[in-house]
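Going by the order they are written in, the chains are A, B, C, D and E; count residues from 1 in each one.
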Amino acid sequence: MITMNHYLILSGILFAIGLVGVVRRKNLLMLFFATEIMLNAANIAFAAVSSYYHDLTGQMFAFFIIAVAASEVAVGLGLLILLYKKYGTINIDDFTIMKG
Amino acid sequence: MEKYVYIALFAPLVGSLFAALFSQRPKALITGVVTSTLLFVSFVASVILLNHVSQVGAVHVTMMDWIQAGDMSIPFGFNIDQVTAVMMTVVTLVSTVVHVYSNGYMDHDKGFNRFFSYLSAFVFSMMVLVMSDNFLGLFIGWEGVGVCSWLLIGFWYHKADVTRDVNPSISPSWAANEAFIMNRVADLGMLVGIFLIYWNIGSLQYADVFAAVPSMDHGMLVTIGIFLFIGAMGKSAQFPLHTWLADAMEGPTPVSALIHAATMVTAGVYLVIRANPLYSAIPEVSYFIAVLGTFVAIFAASMALVNRDLKRIIAYSTLSQLGYMFAAAGLGAYWVALFHLAAHAFFKALLFLGAGNVMHAMDDELDIFKMGGLKKAMRWTYLYMGLASLALAGIWPLAGFFSKDTILEVAFNEHTYGIWLILWFTAGLTAFYSFRQVFLTFTGDERYKPLGFHPHEVPKYVLWAMSPLALLAVIFGWYKDEFVAFITHFLPTYEMSEHTEHFVVILTVVTTAIALSGIVFAWFRYSKGLKRSAKVEQSLPYRILSNQYYIPILYENVFSKPYAALSHAFWEEIDQQVVDATVDGIATAIKDGGDSSRKIQTGNLSDYLKLMSGGALVLVALVLFAAMQN
Amino acid sequence: MNDILSVLIFFPLIAGILGLVVSEKSIRTYGISVAAVEFILSLWMWFVYDPANAGMQFVKRIAVIPDFGISYYVGVDGISLFIVIMATLMTLIGIIALSVKKDLKNMILTLLFLEVAMVGVFVSLDAVIFYLFWEFSLVPMLYIIGAWGGEKRLYAAVKFFLYTFAGSLIMLVGMLYVAYVYQSVTGSWSFALTDWYSLVLPISVQKWLFWAFFLGFAIKVPMFPFHTWLPYAHGQAPTVGSVILAAVLLKMGTYGFVRFSLPMFPDASVMYITPVAILALIMIVYTAMVAYAQKDMKQVIAYSSVSHMGVIILGIFAMNAEGISGSVFFMLSHGIVSGALFLLVGVIYDRRHTKLMSEFGGLASVMPNYALIFGVMLMASVGLPLTMGFVGEYLSLAGFFKISPVMTAIGGTSIIFGAVYMLSLYKRSFFGPVTHEANKVLKDLDAKELTALIPLVAIVIWLGVYPKPVLQPIDNSVKALVSFMHEKAQTPEAKNTIVVSKRTKEAQ
Amino acid sequence: MLAPISVNMASLNFITLSPMLIAIAGALGILIIDLVKKDLDKTLYVILTILVLFIDMGATLGLTLNERGFFDVVMIDGVTILGELLIVIASMLFIPLALTSKRFHEYSYPEYFALFLFMIAGFQFMVASDNLIMIFVGLETASLALYTMIALHNTVGSHEAAIKYFTMGALAAGFFVMGAAIIYAVTGSVELYDIAKVLQERIGEPGMMVPIIGGAMMLMVAIGFKVSLFPFHTWTPDVYEGAASPMAGYMSIVPKIAMMVVAIRVLGMYIDLGVETVRNVVIAMAVITMTLSNMMALVQNDVKRMLAYSSISHAGFVMAAIALDTTKANSSIFLYYTLFLFTNLGAFALLWVSRHKDKTHHVRYHHPYVKFAGMIHIEPVAAVIMAIFMLSLTGVPPFSLFWGKLYVISATVDAGYIWLAVIMGLNSAIAAYYYLKLIVYMFLMPAADQARTVYNNRSLALEIVIGIAVFATVASIFYVQPLMHYITYLIGASGY
Amino acid sequence: MIPFAFYLFAILITGLFLVTVMSKNVLYAMTSLAAGMVLISGLFFILGADFLGVVQLIVYVGAVMAVYAFAMMFFDVTRDVEERHDKPWLVFLLGGGIAVTLVVIFAAPIMGETVHALYPPVAGATNPQAVGLVLFTKYLLPFEVASVMLLVAMIAGIILAGKKMEISLSAMDEDMIADTKEHA
């Protein structure tokens, strides 16, 4: 029997994986991949809870998360392209002028 | 009578302010004349008051309120009773003489006007001291004379500091500060005494306080007595607060005569006499006073034995005589103390003024080893000083005989034979050093000649000015009985016991004998000229005495230097290194905290993300605590 | 009539703002006139003040933030009356004696703004308004020290600001707590002191509130060990800054004790007499010794301020009318005397651009008038009777004697140590031969300096001889304060310690 | 077939939506104008934006308390109204800063102004709802616009700022949704009033505390990121430094206010439920934030960066009030931010006026302290004005922020957190140092470089804005009472 | 059947996402991300969220991944990306820590008996219909706001990647701006 907790734990693990990606990645593009993973992890949780509670709110939330993810991709990639055009790199280590 | 009180009190002040107006002008004779005249006016008023007091009784006036706070109410009130009247008369008389004398003595000094301003201000303060009807008023005068003394000791402030070897007083300004500070130490004791009186009696008026004495706790009375006496010790330069007096000789000689012989230094004695109801109630303290007085008498006399400084010798003798007065007061013979005070004022002032004449003649040279044979040039001065010295030595029929002899009788009468013995011996010493000085100065070979001095007698009017003192030094003692009759209206009488009456002739003879032998010894030793003996001068006792028992050096090493060192340590080691450094340290720590925490801000996004995740982990991990609690 | 205080507060403010249009050339005259008018106004206030009335007079209360109980609430009683007058006087004297050349206009306008804050602090009866002026006074002072000061002026100015600011913030927390307690007791907010007085606080609350207020006031006073900003501030400040700082700003702290700590926390005040007194004694003895070790004339006087403030603290915590009246009077005399001394040091600094004692010696020969006035102030500073300095010092010590004779005796050493450092200063600078060539041609006081100093000398002597016109109103208000504290005290210990004077009892 | 759903238009209560609709309509209008006619001057757009915001403000003021609209997604309570008002007013005051005498890149885009209005709509949605979905969508709308607007400044710094802000924002969004998921899993709802009800029932269940706190903490990360609490604050200084001054100033107010409103709602709920961990965490974070950022601000060399750290510290200060969860504390937050708005507006506007295109005094910074050295001799009025803002930030009475501090500390004291009040006080003292540092440079240092005008960007519009800020800062004592009265009324009326 | 599918999907998704975050090659990473998302949609189908599954496929795999792929054409993706990792253990500590705590949270008896569904699917409606009913009533407003958000994102994407960003007015002085204007 797969309970809600199974899905939630899966969601949690995926979230952690996403987090690993976020803190590990220096390449911004691949870092964005990791944020997608985190959002998707939440989606799984929402869908699962929604299913087990027979409540559609979770699916709504997941739906909006997908929308937000898409928007973020648009803006994020816009920024990346801008950076790449200007500086020829999208490596985090190359953007460290402002510190202290 | 009120107006005479005010005239006596304020005439010197007016004179002082008048002279102050000219303080920055070149010498104007008018200042000397006006102040002297006003002093004379004050003297006349004092005499009138004295007469009034003796005829009618005490005069009491309250001029105005001074301090009123809480329950404390202190007026400017003046009470002229017998003791005050005597003091006023003595003070104004000596002051007038000294003023007149100073007109001549300070003739060539640049600070002539300033000098008179200070001197009159001193008289005013002294009058406040003796006239006040309460302890705080006395304290005004007490501090006032201190300041004037400071001003006058340091009158020649422009002199530079020198080492102790060159001048034991270092410099006038140093001596002035020493005097002031040492007096302040005693003043603190006096203040504490005043506070004790206030909080135990609720008033500082003499009348209230002394009325309350019989009903008070004995221990408290003892405490009050001790603290008041500490005040007296400072002003009267009693051991261990005595060193300033000798150093105070840096002031112009009239100052020494007036302040450091006749008037101010006797203020302590005056206080004890004034507080006689209190001290009568606490015989143990009184006895201590007597013992201390006795000790100071011989202690000071011993230092005078070997000193070469004309003025310092007189200063030590003053100290010694103050010891006599305290001994008398401490033994309960208040009127005797007052009598000696007055007599001493006359002959000691005379002695000092004579010394001033000598200094004048010797271009301010004070070393008696460099004098000798001055009697040719200064006949009158020799006469005056001889007279004064005789009085000091207590030779009949001069004033000193009557007063000092009575003190010895009192000591005998009280069965304090130790005190008597010491005082008796001191009388001999007194006679010796007085005449050692006189003989070394005025007789024998003229040692000043090779040194190029051309001594000359002072102007006539100066000598005339001194004559009242000379006269009084001679005749004052003759009026002892009248004095007793007058003063014991106020002060307790002191009756000799039958036992003493029995011995009185023998005592007189014995005392006179030792005084005479002192004089004779001095005559043999010094009248033919100075015979220095290196062996004696190298001997330990001689060195101890000539170095004032090493007490100034001791004070310097025990108080002054450690105080300075401690001050510097407080400032440099504690204030800067600890207190301020702590404050700055906190500030620096915060700033360093900023410096090290700004390292968080590496500028690298990845680090930010790590930090953020780490923070999130910490927050979320708090659930583990919640889980454990469940 | 009731608006006199508002006029006193806002006149310099308006004058300061309007002064922006006055040209640099005429600004000194403008400043002197404004300060003189302000001073005359304050004198007039004294004239119409009813000395028999111990309570607050010229009271004005306008709600500013009624929901939070903050109101513009001003009034004076005997305790504050003369401090206000002293503030206006010292501002006037300070402006008269101004010797700065650089940015004179800024300086004068800043002084006027400072005057607003100073007057405001002492007449405020609302804690927030009090705090407002209290904090605001830091700003002009910061500017004065920082812009016209000596070499380390920035350090000194910032240290002064931060130190006092930190302390007063703790005090602010305390104030807010009192307001909160008031609110929970009465149901309405109020920051009015008169309302707060009626509040009987539990002992446990009083305890920490006492220390919260204490910190704010103690730093301002400044009490040991919070005093280290003062030497820097004084050492670096221009003359006028030191004058105002010593004369008025330091008094804010001691005034705060009288106005806030005593009537609001009588039990805690009694309970903490010993620790406070120990700090005060350390101030007296320790700083007096530190003063002796100084090489700079101004630092000597700065440290002497700390030492004297110790006596004032002792007097305040005497818990009887003698001590408190005395310390209020001592605040005045210390203000006048130390102000004058700083002016005097400024005089020599203007001439020689140094304040080191070793640079001088023999000044008495070259500048006799200067030496004379310095001497008078010096004697007042060491508490010579018949000068203003004695009355306050004597009464403060006398008052505290009731609490602890031994501590008073230690505190009384102030008269010894005070003499030690002051006389040593005087000796080193004024006595002895003139050793430096530059000193031989020094000019004595000029007319401007005499104009500034002679009134102070006159006051010092006048109030030393006849302090009654000032002391009596102070004493009346203080007696009322003491009997109020006695009424309010809860612990028997406090009831016993707070001594109501017999005259007050008789009057009741 | 499913039955058709009929929705009564009146029940939708469109009026509750009006402020956001006006902002969106305005944004679309600007886009259309841009399509129709190219090369219009920025002044037009600025004024249009102000007008739109003016109408928006009118609509906000027209809202009635405690109403819901649009299937209860929109919730109008006192906090909403206050939040929306503050957002609109702040926007109206900051957008005229575009009218500089020199040209800057972002203002050459008409879209910039459209994005600005979209952003305002996003924030307004965020504060006007208790639905986590709505909050999230509103937040993201606003944030995406904000990232873009930062980047549009088109300098090296602004690019770096935008990417940092964006990336961290994405991570925060992840935490937000994960937190929401946990809450949803516990309560089956994403609407706060409903969540509160369910939590009330379930809080006693064994082991329940774990997910409840877990969810709260996840949300806390997102909140902490937006209001810049330690350790989620790291973007703030870099972004403020990189962004244009008006944007930086704007960011110190509006996004924070919006997130504060959410925090009041969300964290207030937990605290009401008695989850003390949340309260303690908020307090701890607030204390660490204000202390640490104060310390870091001490050692800055650039005024703007210092102001960034200072605004972190102020946020921490205010965050402490949220933990108290009393009406007075919540009111004081809004009072504080209103007063902070005017002061920061002035300070950042002055920085903006002093902006040069090239970096005149430092290789990296536009506004190093040395740039302002001796200002009192060069431009005395401007120096005095800047000093007033600095003193206000320090909390010196009678300037505005003093009253804010007074209220916040008072609220803290009332709630019994005296130690916290003391820490707040001490922090203000530390903060005084770095504000003073600027004053010291301006007033007490000799002029460094008199050859160049410091206030390069001066224009009438900017002067007017600064004038408003000065007036509001100096005259605060006269309006604190009505302001506080109004705020307390609104907060109290909606039960916070 | 369902447990098997769940575990299979779970393991695969985990594995794929691990590849995404660990791989040095952008293409691998992206491909595994896309594959993972496809599998997630599988989970949605298992959970009965059909519409969501479809949206996941279309939006994520279709749109988002396409945008990523498109963007990657800008960047050089043939080489392995070089990333400097200072403290690799920190990364896994953080990840592991979060994983552990989330597992602790989710292992709690989180499912409530008393929780009532606020928006249950309408009886008899298919999932897309039920979703539609809720989305266009209750969540109509967020839906519209989401459209605004997408508009914002669109504008942002366009202008950020646009040509006008190539010169910076913020860095040029006024004369230079005037010059460029003339040339344009």
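Note that contacts are C-beta pairs under 8 Å (C-beta built on N, C-alpha and C of every residue); 3 or more make two chains touch, one makes a residue touch a chain.
Computed from a predicted model, the values in this text were never measured in an experiment.
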Exercise. Going only through chains that touch each other, what is the minimum step count from chain A to chain E?
Worked result: 1
Problem set entry | Per-chain Cα centre nearest the global Cα centre, belonging to chain | C
Exercise. Measuring between mean CA coordinates, which chain is farthest from chain B?
Worked result: E
Problem set entry | chain A-chain C separation of Cα centroids, rounded to whole Å | 65
Problem set entry | Averaged-CA centre spacing for the pair chain D and chain C, given as whole angstrom | 43
Exercise. Centre to centre, by mean C-alpha position, how many angstrom separate chain A and chain B?
Worked result: 95
Exercise. What is the distance, in whole Å, between the centres of chain C and chain E, each centre taken as the mean of its C-alpha atoms?
Worked result: 68
Problem set entry | Residues within chain A bordering two or more other chains | 4, 8, 11, 15, 18-19, 22-23, 25-26, 32, 53, 55, 57, 60, 64, 67-68, 71-72, 75, 78-80, 82, 93, 95, 97-100
Seminar exercise, completed: Touching two or more other chains in chain B are residues 587, 598, 601, 603, 605, 609-610, 613-614, 616, 620, 623, 627
Exercise. In chain D, which residues are in touch with two or more of the other chains?
Worked result: 133, 137, 140, 144, 147-148, 151, 163-164, 167, 171, 178, 182, 185, 188-189, 206-207, 210-211, 214, 237-238, 299, 433
For this session: If two chains touch, include that pair; go through all of them.
Result: A-B, A-D, A-E, B-C, B-D, B-E, C-D, D-E
Problem set entry | chain A residues within the chain E interface of the complex | 1-21, 23-27, 29-30, 32-34, 36-37, 40, 43-44, 47-48, 50-57, 59-60, 62-64, 66-75, 77-82, 84-85, 90-91, 93
Exercise. Which of the residues in chain A end up touching chain B in this complex?
Worked result: 19, 22-23, 25-26, 92-93, 95-100
Problem set entry | Residues of chain D touching chain A in the complex | 132-133, 136-137, 140, 144, 147-148, 151, 156-157, 159-164, 166-167, 170-171, 173-174, 177-178, 180-182, 184-185, 188-190, 237-238, 241-242, 299-300, 305, 364
For this session: Would you mind writing out the residues of chain E in touch with chain A in their complex?
Result: 2-3, 6, 10, 13-14, 17-18, 20-22, 26, 29-30, 33, 36-37, 40, 43-44, 47-49, 51-52, 55-56, 59-60, 63-64, 67-68, 71-72, 74-75, 81-85, 88, 90-92, 94-96, 98-99, 102-103, 105-107, 110-111, 115, 117-121, 130-131, 134-135, 138-139, 142, 146, 149-150, 152-154, 156-161, 165-166
Seminar exercise, completed: chain A contacts chain D in the complex at 4, 8, 11, 15, 18-19, 22, 28, 31-32, 35, 38-39, 41-42, 45-46, 49, 53, 55, 57-58, 60-61, 64-65, 67-68, 71-72, 75-76, 78-80, 82-83, 86-87, 95, 97-100
